[in-house]
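Questions regarding the structure given below will be posed in turn.
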Amino acid sequence: MPELMQFFLSGITVGAVYALVALGFTIIYNASDVVNFAQGEFVMLGGMITVFAFEAGLPLPLAALIAILGTAVIGVALNRLAIEPARGAPVVSLIIITIGASIFIRGVTQIVFDKQIHRFPAFSGDAPIAVGGATILPQSLWVIAGALAVFIGLWLFFTRTLVGRAVLATANNRIAAQLVGINTKFIMTLSFAMSAAIGALAGVLVTPITLTSYDIGISLALKGFAAAMLGGMGNPKGALVGGLLLGILEAMTAGYISSQYKDAAAFVVILAVLFAMPQGLFGRKQTDRV
Amino acid sequence: DIKIGATVSETGPASFLGDPEAKTLKMLVDALNAAGGINGEKIEFVIYDDGGDPNKARTFATRLVEDDEVVAIIGGTTTGTTMAIMPVAEDAEIPFISLAGAIEIIDPVRPYTFKTPHTDRMACAKIFEDMKKRGFTKIGMISGSDGFGASMRKQCLAIIGDYGIEVLADETYGPTDADMTPQLTNIKGKDGVQAVLNPGFGQGPAIVTRNYAQLAIGLPLYQSHGVASDSFIELAGAQAAEGVRLPGTALLVAGLLPESDPQYAVVKAYKEAYEKATGKPVSTFGGYAHDAFAILVDAIKRSGGSESSAIRDAIEATSGLVGTTGTVTMSATDHLGLDLSAFRMLEIQKGGWKIVE
Amino acid sequence: MSLLQIEGLGIDFGGLRAVNDVSFSLKAGEIVSVIGPNGAGKTTLFNMISGVYLPGRGKVMLDGEDVTRLSPHLLARRGLSRTFQNLQIFHAMTVLENAVVGHHLHERGNILADLLSLPASRRSSRESEESARRLLDRVGLGRAAEQEAGSLSYGALKRLEIARALALKPRVLLLDEPAAGCNAVETEEIDHLIAQMAAEGISILLVEHDMKMVMRISNHIVVLDHGEKIAEGEPAAIARNPRVIEAYLGAQATEANHADG
Amino acid sequence: MRLSSKTITLLGLAVVIAIAPVFFPSSFYYRVGSLIFVNGLAVTGLVILIGYAGQISLGHAGFAGIGAYACALAPVHFGLHPALAAVLGAVLSGIIAWLVGRPILRLKGYYLAVASLGFGVLVSMVLANEAAITGGPDGMAVEDPGLRGALKAIGIDLSNTEFWYAFSGLILVIGAWLALNLYHSPTGRALRALHGSEVAARAVGIDVAGYKLKAFVISAVYASVSGSLLALQNKFITPDVAGFMHSIEMVTMTVLGGAGSVIGAILGAAILTILPQILTVFQEYEQLLLGLVMMLVMIFMRDGLLPSIARRLRRGGE
Amino acid sequence: MLTVEGLRSRYGRIEVLHGLDIEVASGQIVTVVGANGAGKTTLLRCLSGIQPVSAGSIVFRGEALTAVPAFRRVQRGLSQSPEGRQIFTNLTVEENLRLGAYLFADDKVDRDMQDAFAMFPILREKRNLAAGGLSGGQQQMLAIARALMARPSCLLLDEPSMGLAPILVAQIFEVVKSLKSLDVTVLLVEQNAFGALSIADRGYVMETGRITMSGPAAELIADERIRAAYLGV
């Protein structure tokens, strides 16, 4: 039994990481139908900027704040310089732009910073906390709490605020959004800023666990994307559940079946879920009448 | 001028290895040219970044051979890229010194292919010798599933029987995994495991080491030469890394070497130069590139010209060349020229390295 | 015998009985109109008949055969064709290509022939194209043939849909508000077109809110309200039916109709 | 006789492939050329899937992997000739695509993307993990098919790079010919129609699921042949060929050049193959510039290079 | 109130409006009629700002609008019920209406919503359902109601009666007429030319991107050419 507990704790730790990345995808997707493949780069920037600010002597909280704000600015710049000018382009073209952006950001990072692996200290030390015969690191609790907080924030934003609804409206029908007085450009800017900030926050929280380097973005984005699709793209609940589920699945497979094929198992389950629920677990079904 | 080419993985999944290699090569070329070159001739150096992609590596190798017309190639950060470059070099009859670990690169021996790092098999042997000495006969293994980890795992499993050691648990993890506690829990739960071995490079081993401490497994942990750099201690945390053993090269313990050590001068000079030039700590991988360059320069000097086949013959005749990884003596049947003595068993103690032999 | 026979058809969305227990039939060359207030279930009925929705209850019989659960492309193969209330145009293709696609079922050849561009494949493409041009002329879009379909105005797109549906050479044609967005004169043109098609033997099931048109060309009218059939009969009788007037036509509308007529 | 635009396009492509070597300063350029053709072949398949039928796949490298490893494994394990192994790989890819495609093509948009991605991951994972058969992450050697030797026997003596340039070029022209044939054929129109509106496509009698599957299978065969060509000319193959990054690269080439146009996509393949070679002079700025070029092309040529340029020319002409 | 002079607009390289002059006085209902493809929709799109103008001027309440982005025009009091309805299909009916009043956060929004429900009771029934599931006519009602939620001083209606049952067509025209008493100016594009001209103060006739006739609605309705070309009598 303790090993089950350990697998579970491992699963939710990793799952919370995926969930944070997946939550970052949600806003830009909800505003524009674009899956931003540079989302992983935001996570990387959050970690890397914190590392270097911290090593330059800033206190960790300040370094983290700078990283989050800095990444948000980069997100806004990405929108203003690359996405907005391509307005009206097909969604695949926009996706390629975000892929280009992710390569670009990686390229800049390796020059501005370096190609080494980095880490900064965990927020509350490294002393494991015992839970039911298993252990979890305090930093994992930070990550889980972060994922929950971001989830609640986003959920309230999309269901309780008019601006949140305006974001959904912008993606659903941009012309109609303008016709009701929504400043769609601002909405896009806001979405990129929020997505980037959430990504950076994820980076800040997970770096003490996963470590960071200029090229961790791709694999995080990949897993986050898979998690978001498992849960249903665009729904914060889906991102959270999808992320946690994916993490737990991987941990259980690694623990009970085969660590070699744990990623495979995760994808097999995703495929199985999608066959039964083509919109993911919580994705809303499109109702388009003919 | 003498034109030398290189293709290494400066970016991509193996950039952890390729980056210090590239930096080392560039640094050494500059230094050599500043000192007047070889036999009065300057080195013209062309280096490409193959991103760890074998297909790209092959293209760059073709480019080096056909377009840049280099006399020799250094490179192939990973075994995969090396195997892709090799046919090009062999076809063109241009000496090629690989920086990757697998034994297949030099076994069977091919006329134009050489390499500087120890083989994975040698690292395994070094570790198993140490285990045997400490009386461990049953171990657990957790390997990275990338090329480095998979290849070393394979080599280790191939020779482990020779040491009377048995693998009770054989786990793996992906190169970008964030948590290895499930695999380690399984190893922990296996009765009779006396020690654990973790072949891998990059962030994986650091996370394994941290998880190892988190689970309070308490058994001796062996890492591979893939993490032989100071940054490993930093990433894993001195506390978690306490007591970890791994086979390393003299480079890593430059400060601990007695002046009488044959490698003392070479290692110290490289370490200082590299750390001054880049501001980063040296790693074993930069050392591989250093040695490859040294072997090549030595061979060019001795061959007295820039004829590829002459250089090849000269490389094969390398003898007693002191590098960072060991003293290299090649032959027609040995295109590596290192033996086990080049490895030193190191243990991490109080955040630093200690030679335990 | 009737060509198309609807028996007790019904479907629910969540708690809503969108269509319930609707039955009627359509004979060859006949024009039957389905009218009713907004949300009465007319389009939903069409969607069930054409296989876009799976009916919850009831049967659709085509030529005496039960075709209830067939998917749309199989129904098309049996000669059932339709247009859409919410335009379904292949925007990235030219107007001509839109019409050519309608010939899909009459095109011979297979994927291999297409890949290799064998004569059979080319010939059938050419034939489809010629026929498509004739159809476009017929709906008044001949001159727009080479334009990208996305650049047409709303009314033109409506007519393009009709051309495409006709390209199937259907036996039964379902038209969902073909005259929406057309002015009185344009409506009359469509009116003629429909009458012509019926004369050629195509059975037509029509949903339309333009009462002048409906009254003028229908052989028979089915009235839905809240998913139920509330009346059925000859146009003149329907126009006088108090339930229909109350639910659908409104007192003024009938007056206006009389005033115009 | 008036030539159709298809014939002109194909002739143009063939002429460019045949004439280009005149300008090659060294035989390295043959290598780059053959890579362009190999990539071009894969993206031509994706034009059919993405450009015509509008279905996104982020897992096509999986098929390239099957094609590549068929050439590596079949000769070793079944003693099959490598060229026949390529055919076997293509057939196998087609069958697997047919099996996999049936369930996953029911998904739409990003959901299809993630499902196909999952398929690609599974393939590359098997290739990397089953080291006993495939050589694991470090890859395995591929036998020479001996086609060059056969040519030599009939008096055509080509160097290795020259041969693969010519051979891949030939295969690409054939691939492009097939794809261009498809565009204006009933099948091509059906694919483009279901891209526009699935409901309407069904209503005119198009078996949407069936046609999607056909496009998927065809594109898988293209990817497989491309993988085989790569394996045969590299004489060595690693699981990277089936990796996620390779899938992304294929899609990027397709969209960059213009997903709806065969020649456009080949152009995209050419650019993304040549660009890294050019950017090497910028050393560490290479990645940064690659990303920048991708963004700029897509910002200013939103439908992809060729369609955008064509539109501009047309506009300028009037 | 709204003055359009020399308005030209193009899709790509094809010009579809060739210099239009239109004048809408405050509180008036002005109708534009014309055949399919005449450019009526394009005109309204230019006015609401979602279609670029290549030449000419739009002056609204004394201010030039040409350079004002679409969402700002809503703030100035222009609101459109567009062709093709353009509702937010993934949002609920209520959310659609709420977004119609995006600029406002006062209590009056609720009252406006109740008014909308009173006008189209079916929308109240469906308030919590995704708007994409509505029938065509219901969506049309929603589009009109949403446009009204913006409290416009000038309402642009693109074929509001399209797809509505006869009983509702009559009601829509009543509603438009009643807007007059609320001092809302209306520019009405309609295929039901007879109905539209009956309630309008002025009318314009558009043919292939040009205004070919204009005048008081009553005169147009009596004009033989118009009766033949647009009224079908």
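Details
Per-chain residue numbering starts at 1, and chain names A, B, C, D and E are given in the order in which the chains are listed.
Quick note on the criterion: contacts are C-beta pairs under 8 Å (C-beta built on N, C-alpha and C of every residue); 3 or more make two chains touch, one makes a residue touch a chain.
Chain identities (UniProt): A, D = Branched-chain amino acid ABC transporter permease; E = ABC transporter ATP-binding protein.
Predicted, not measured: the structure shown is a model, and the values here were computed from it.
Least step count on the touch graph, chain B to chain C: 2.
C-beta contact counts were set side by side for A-B and A-C; A-B has more. Farthest chain from chain A, judged by C-alpha centroids: C. Averaging C-alpha coordinates per chain and comparing to chain E, the farthest chain turns out to be B. In this assembly, the C-alpha centroid of chain D lies 50 Å from the C-alpha centroid of chain E.
Per-chain CA centroids place chain B at a distance of 36 Å from chain D.
Taking each chain's centre as the mean of its C-alpha atoms, chain B lies 73 Å from chain E.
Work out the mean CA point of chain A and of chain E, and you get 42 Å between them.
Contact with two or more other chains is made by residues 43, 52, 84-86, 88 of chain C. Along chain D, residues 129, 199, 284, 286-287 each make contact with two or more other chains. For chain B, residues touching at least two other chains, in rising order: 10-11, 145.
Only residues 10-11, 48-49, 52-56, 58-59, 62-63, 65-67, 69, 78-80, 83-84, 86-87, 91, 102, 104, 145-147, 150-151, 154 of chain B touch chain D when the two sit together in their complex.
In the complex of the two chains, the chain D residues touching chain C come out as 178, 181-182, 184-190, 192-193, 195-197, 199-208, 214, 218, 260. The residues of chain C lying in touch with chain D in their complex are 50-52, 71-73, 76-77, 81-82, 84, 88-93, 97, 100-102, 104-105, 107, 109, 111, 113-117, 121-122, 124-125, 128, 164-165, 167-168. Contact residues on chain A toward chain B in their complex (touch as defined above): 3, 6-7, 9-11, 13-14, 17, 110, 114-119, 126, 128, 134-135, 137, 206, 209-211, 213, 215-216, 219-220, 251-252, 254-255, 259-260, 262-263. On the side of chain C, the complex with chain A involves touching residues 43, 47, 52, 84-86, 88.
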